[in-house]
Amino acid sequence: MSEILLSQLAHVEIMSPRPEESVRWFTDVLGLEETTRDGQSAYLRGWGEFLHHSLVITEGPEPALGHIGWRTYGPGDVDIIASRVAPELVEGWIDSSVGHGRALRLRTPSGHPTEVFWETELYEAPPELQTDMPLRPQRYTGRGAAVRYIDHVTVNTSSMAEEIAWYRASLGDRHTASITPEPGVSFFSTLTSNAIRSTHDIALVPDASHGRGRLNHIAYRVDQKLDVERAADVLLSSGAPIEFGPGIHGIDEITYLYVREPGGLRVELNAGGWQNSMPDLEPKHHHPDQGPMSYFRNLKMPDSMMDSFPPLDVARETFEGTGQFADAPGS
Amino acid sequence: MSEILLSQLAHVEIMSPRPEESVRWFTDVLGLEETTRDGQSAYLRGWGEFLHHSLVITEGPEPALGHIGWRTYGPGDVDIIASRVAPELVEGWIDSSVGHGRALRLRTPSGHPTEVFWETELYEAPPELQTDMPLRPQRYTGRGAAVRYIDHVTVNTSSMAEEIAWYRASLGDRHTASITPEPGVSFFSTLTSNAIRSTHDIALVPDASHGRGRLNHIAYRVDQKLDVERAADVLLSSGAPIEFGPGIHGIDEITYLYVREPGGLRVELNAGGWQNSMPDLEPKHHHPDQGPMSYFRNLKMPDSMMDSFPPLDVARETFEGTGQFADAPGS
Amino acid sequence: MSEILLSQLAHVEIMSPRPEESVRWFTDVLGLEETTRDGQSAYLRGWGEFLHHSLVITEGPEPALGHIGWRTYGPGDVDIIASRVAPELVEGWIDSSVGHGRALRLRTPSGHPTEVFWETELYEAPPELQTDMPLRPQRYTGRGAAVRYIDHVTVNTSSMAEEIAWYRASLGDRHTASITPEPGVSFFSTLTSNAIRSTHDIALVPDASHGRGRLNHIAYRVDQKLDVERAADVLLSSGAPIEFGPGIHGIDEITYLYVREPGGLRVELNAGGWQNSMPDLEPKHHHPDQGPMSYFRNLKMPDSMMDSFPPLDVARETFEGTGQFADAPGS
Amino acid sequence: MSEILLSQLAHVEIMSPRPEESVRWFTDVLGLEETTRDGQSAYLRGWGEFLHHSLVITEGPEPALGHIGWRTYGPGDVDIIASRVAPELVEGWIDSSVGHGRALRLRTPSGHPTEVFWETELYEAPPELQTDMPLRPQRYTGRGAAVRYIDHVTVNTSSMAEEIAWYRASLGDRHTASITPEPGVSFFSTLTSNAIRSTHDIALVPDASHGRGRLNHIAYRVDQKLDVERAADVLLSSGAPIEFGPGIHGIDEITYLYVREPGGLRVELNAGGWQNSMPDLEPKHHHPDQGPMSYFRNLKMPDSMMDSFPPLDVARETFEGTGQFADAPGS
C-alpha cells in the first residue's frame, strides 16, 4: 500500500476588494456556478465538479489568498497528516465548515493558510440544472468560458527547496518538475498531491519580497486545447485584458492563458498536459533554454507575470538570469 | 494512507497469426516504436511512454490475449497482492522478464493471464530519437496516428459482478461505471487501477460463449479529440476499415474509434474523458437510454463490436435487450 | 471577365407554426441576433454577418420554405439574371424589402420562391454589441452554439438534372458534386453560386412526393470542426434531439450535425470542407460506396433525414437503392 | 457579369542556395509531393492540389523570389489582363511552361516577376498515391506537417498605395485590409484575387531598402487551427526554429506560424480566417492597437519578421512607430 494522502485540491479562498464584481465575473465570464453565500463569502464551482465548491470569494482589502483546501485520499489521512506537521504550523481543528466536515488548519512554512479534510458535502443541482447524465453533477451550460474543474494553485515561497520538502513530507506530494537555471536553483516547481496522471495541483514560484502567504494565481481547467482559445475569445469580447497566452508551457505541455479578475488576482485557464503515470519518476529539471515556459521556444513571459498577491514592491531584478522574462508588450 | 496497489496498465501481450504484418501496422500506421525483439515476440511502445514497452506481439494461431501486465504503485505492493489472490489463481513467480523484474503470474477468475510487478526497465532512445525535452523519453515523430500512451484493455467475462469484486479485492481497483439495462445486470463495466483522474484502465464485457480469457480490444491514447479524427484520416488512407467511430461514448466522454489490426484484433484509439477526482465516488450506472455508448444518443454500435478474441461462435441474441446495438452498416 | 452572377446566399425565409418558440431557439440555442421585427416576421443574423439578416422567421401553418434570397455579384447582375429567366417563372419586381433594395422575384422550375437583388442594408450593432475589431459587424457573444454565417440551403426537386441546368443557366451557378448511384441518376447534388472556395451554397435532393417548393434543411456555419461538437453539447444540454451527427460528409469533407427547430424544420450546423479553387473543375460524382454521406464509411443516415417540409406522405421506398440510408436509431 | 480576372495563386518559384536541402525539407517536413524535376528546378505541390505544382524550387545564389504564377478565372482573361498592363511592365509571352500553357510574363511596378495563364496541366497521381475519393487528386499521406494548399505570397513594395492600385486595375484584385498606423500610411495590406471567402492571396509589406522584387514569405494552408499546432510539433521535433507563432492575426483571424526553410526563406503555415462574402466590402483598416498582428493583443512580432529576401542591410528604424514589433526573443 502506497503513500497517497491527498486526493485533490478541493478549493481555494481568495480575497477581493470588489467581491460583487469578482463573483459576477467568475459566474458570467468564466462560467462558474454559485452554490451559496455565507457571511462575507460566496461559494462557487465549475460545472463538472461534484463537491460543494472549489472557489470561495471573500471581501478583503486587497487581492490575496484566503486559504487552500485539500481533500485527503481516505478517512484516516487527516490524522496521519496532523501527526506529521510540525506543531508550530498547526493552527487547530474545526468541526465543520461550509461544504465539508472536520478539518485540520495549518500554515505551510511559507505562510499559506491550509485546510485538510476528508468529509465533504456534495453539490445538489437545482431543478433547472439537473441532468440525466450520471457522470455530471449538473447540466452543461456553455456560459462564458465554461470552465469545468479547478486545476491548481500557484503560490510564492522564499525558500523553494524547503517548501518542496515540506509538501512531500507532510502532505505526501510528489515533486514533478522544476525550472532550474543552474544546479540547485529552482525558479519554478510543480508538485502533485494525487496519485498520477496530473502534472501538478500546486506550483511554487519565488517571492523576491520575502513576503509570506502570497499567491501568484489560481487555475481552472477546460477540456480541449481549443477550449482555451474559445475562452480567450470570450475574454477578449468581454474587454478583459489577457496578460499572457494562449500558448503552451513546455514544462508540462499545458495550454494556458492568464487574465486578471476584477479584484486584481491572476487567473489561469488551461487544458492538456502530458500524462505522468509513474509514481517513482524523478522530477524533471528544465533549463530555461529547453522551453519550460514557451513550448515553441520563441516567446518570453511579460515581467508582470511575477506580480503576486497581495501586491508588494518587488525588485524585479531578482528574477534576472532566469531566462524566462521579457518586458511586457505594452511596457 | 490509502489503498492503491497498482500504478498503471504497463503492457498487454497479444497473439497474432500474422505477426510481421501486425508489427508493421502498429509501427507504420499507429506510430508505435519497436524497442526490441526476443524469440517469437516483438516489443513496442508509444512515443510518450517511459517504460520499455506497452505492447508485446507474439506469433500465435489466432488473434488472442497473451497476458496483461500491471505495474504496482510501490515496491511492497506485489507481495500484498500475492497475499490476497486465491491460491488456485496463482501460477507462480518469475524472476524477471523482458523490460521488468520479479513478477507474480496469475489468472483472473475469468481466465485472463495477468502479471504484476514493480521493477521496470526504462526505455533508452537511440541517438536519432533523443530529445532535450525532459518530460519525453524520445522525440515526437508524427508518424502515422502517432499514438502516445497505452490506455486500457477490455476483456470478456461470464460473471461480471464476481470479476468486478475480484479486481477490487485483489488488485485494489475502483469500479467507476457500468451500463445497466436493469438493476443488477451490468452489460459493460469500467474499473480503474490507479488513483484518480482516469476513467478506466480495464473494462469488462460479457462473454456469451462462456469462453475464458478472451479479449475484446486494447486501446491507445492520443492527446486531443481532433487527433482521433486525424488518426481516422490516416487509417482511411491506409485502407484500414474503421469498425466504429470516430464518436464519443457517454459513459466516460471518451472520443473513440475502433479498427482491426492485420492479425484480426480490435484496437481502439481514444482521447478525452471526464476527470474523476473522488476516490469514494459511487460507480455511475447508465441506462442504455442515457447514451453510454453514444454521447449524442443517435447512433448504435454495429453487432460486430461484440466479436471477441479468440473468435468463437457467439449467439448474438445473448446481447439483445441491451439497447446498444444495431446491425453493422454493411450487413 | 468571367461569368459570376451571384455573390452569396443572402437569406432564407422559413415558415413556423410556433414562431415565438422558433425565434427564441434560434436566438438562445443557436446564438443568432434578432435585428428587427416587421409584421408576422422576425429578422435574424449570425454574429459574423454584415448584412441586415440571413434568416426570416414568419408565422405559417406548417414548417416550410418562405423564400430564398440571393445577392448578386455586382449592380448589373440582377438585370442579366432577369433576361435569362423564362418569363413563366418570373413573378415580378419589388422596389425594396426589409434589409435590401430592388429585387427580382421568381420561382425556380421546382417551385422554390426566389429573390435576387444587389442593394443591401448593412447591420448596425447597438452600443452594447459594438466592437473595435474592423472585420466584425458586432462583438462575439459566445451565446449558445454561436453560429457565425449562413452556409447553404437544401431543397427538393423532382427533376434533378433539369434543376441543375436551370441554376447554371439562369443564376450562373457551378455544379460541384453529386451522389450518383448509377450513371445519370443523381441522388444528391451541390452547387455553388459564388466564385470559388465554397463547396456549395445550395444542394438538391429528390422529392419522392412530386411536391413543389419543398425544403430539406438550412445550414449555419461555425469556424472549426470542434465548434460543431461544442454546438452538439449545447443542443444536448438544451434537450434538443440531434437527428444525425456530428460526423463528416465525404462528398465535401464538411463536419455536420442536423437538429430540428421548434417549428419542426431541420437545421444543419457545419464547419470545414475542402477548398475548390478551380472554376473549371468537373462536378465530382460519388458512388454511395465512396462515402459521400459518411466520410469514414461506417455510418448510414437515418431514414428520417429525407423528411422534407412541408411534411408529406412520402413513400420511403423511393429512396431504396441509393445506398445511403439505414433505419433511424430509434425505429 | 462581374470583374473577376484571376481564380487563384497557382504557384510561386523560389530560389534556394541549397536546393537539395530545400526540396527535402518541403517534402519530408512540410509534406509536399514532388511532381517532377526539370533542369535546375524541382516542382512540388500540396496533397490537396489538383494543379501540377504550386512551388518551384530553383537553384540560385541567394534566397529570393523567382516568380509568381496566377491562374485566370476564364480563358479570355489573360488577354484582358494583357490589355491593361502598361507596356513597360510586359516582358512578353511564352507558349507554355512546365505544368501550364500560354502565359503573359510581366513585372509588377515593385519589380516582382509575374506570370498569368489559363491553361493548366492537372496532376496525375502515381499508383501508390491514387485514391477513390473524387474530391482528392491523391491519397492523404499524413507526412510531416501535411500542408494541403498554397495560400498566399507576401512581397515587399516601396510604394504601397501605388502597388495596391496596380493590382486592382491590372489583375482585378480586391483590397481587403490594411494596418494603418496613421491615415494614408499603410504598413501592411492584403488583397484577394478571387471572388470571395478568401481573406487574401497576396500581401504587401514595406521595403525599407528600396529594393525591387523582394519577398517576405510564402504561405501554405492546413485545414484546422489545431493542425497548425501539430505542424509546430513536427517542426520543433525536426529542430527547425519557429520564428513566430503559433498565434492568431487579428487582421484576418488566421492562425499562423513562421519558420525558415533550409535555403533561408520564411515560410508560413496557416489555417482559419474570417469569411468575406461581400464583393463591395470596404478595405478594413486596422490601427496597430486593434491587434492586427496579435489577435489577443498581448504579443509583438520579433524584428526579424521584417527580414526579406534577397537579404539586404535594412535600416530597422524605418519600421519604428508601426507599433507591431518587439525585439526578437533571443536578441
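Labels A, B, C and D are assigned to the chains in the order they are written; within every chain, residues are numbered from 1.
Everything below uses one rule, namely that a residue touches a chain if its C-beta (ideal position, glycine included) is under 8 Å from a C-beta of that chain, and two chains touch if they have at least 3 such contacts.
Note that the structure is predicted; figures quoted are calculated from it, not measured.
Pick same or different for copies chain A and chain B, depending on whether their interface residues overlap by over half.
Interface between chain A and chain B is built from largely the same residues.
Please work out the Cα centroid separation of chain B and chain C, and write it as a whole number of Å.
43
Quick check: how many Å separate the C-alpha centres of chain A and chain B?
A distance of 32 Å separates the two centres.
Could you list which residues of chain B touch at least two other chains?
Each of 224-226, 236 in chain B touches at least two other chains.
What graph shape do the protein chains here make by touch: line, ring, star, complete or other?
complete
Show which residues of chain C lie in contact with chain A when the two form their complex.
131, 139-142, 144, 224, 226-227, 230, 233-234, 236-237
Enumerate the contact residues on chain A facing chain D in the complex.
Touching chain D: residues 225-226, 229, 232, 236, 241-246, 248, 257, 294-300, 302, 326-327, 329 of chain A.
For a test of understanding, state which residues of chain D touch chain C in their complex under the given definition.
1-5, 7-8, 48, 50-51, 71, 73-74, 76-77, 80, 132-136, 148-149, 177, 194-198, 221, 223-226, 250-253, 272, 274-275, 277-279, 281, 284-286, 290-291
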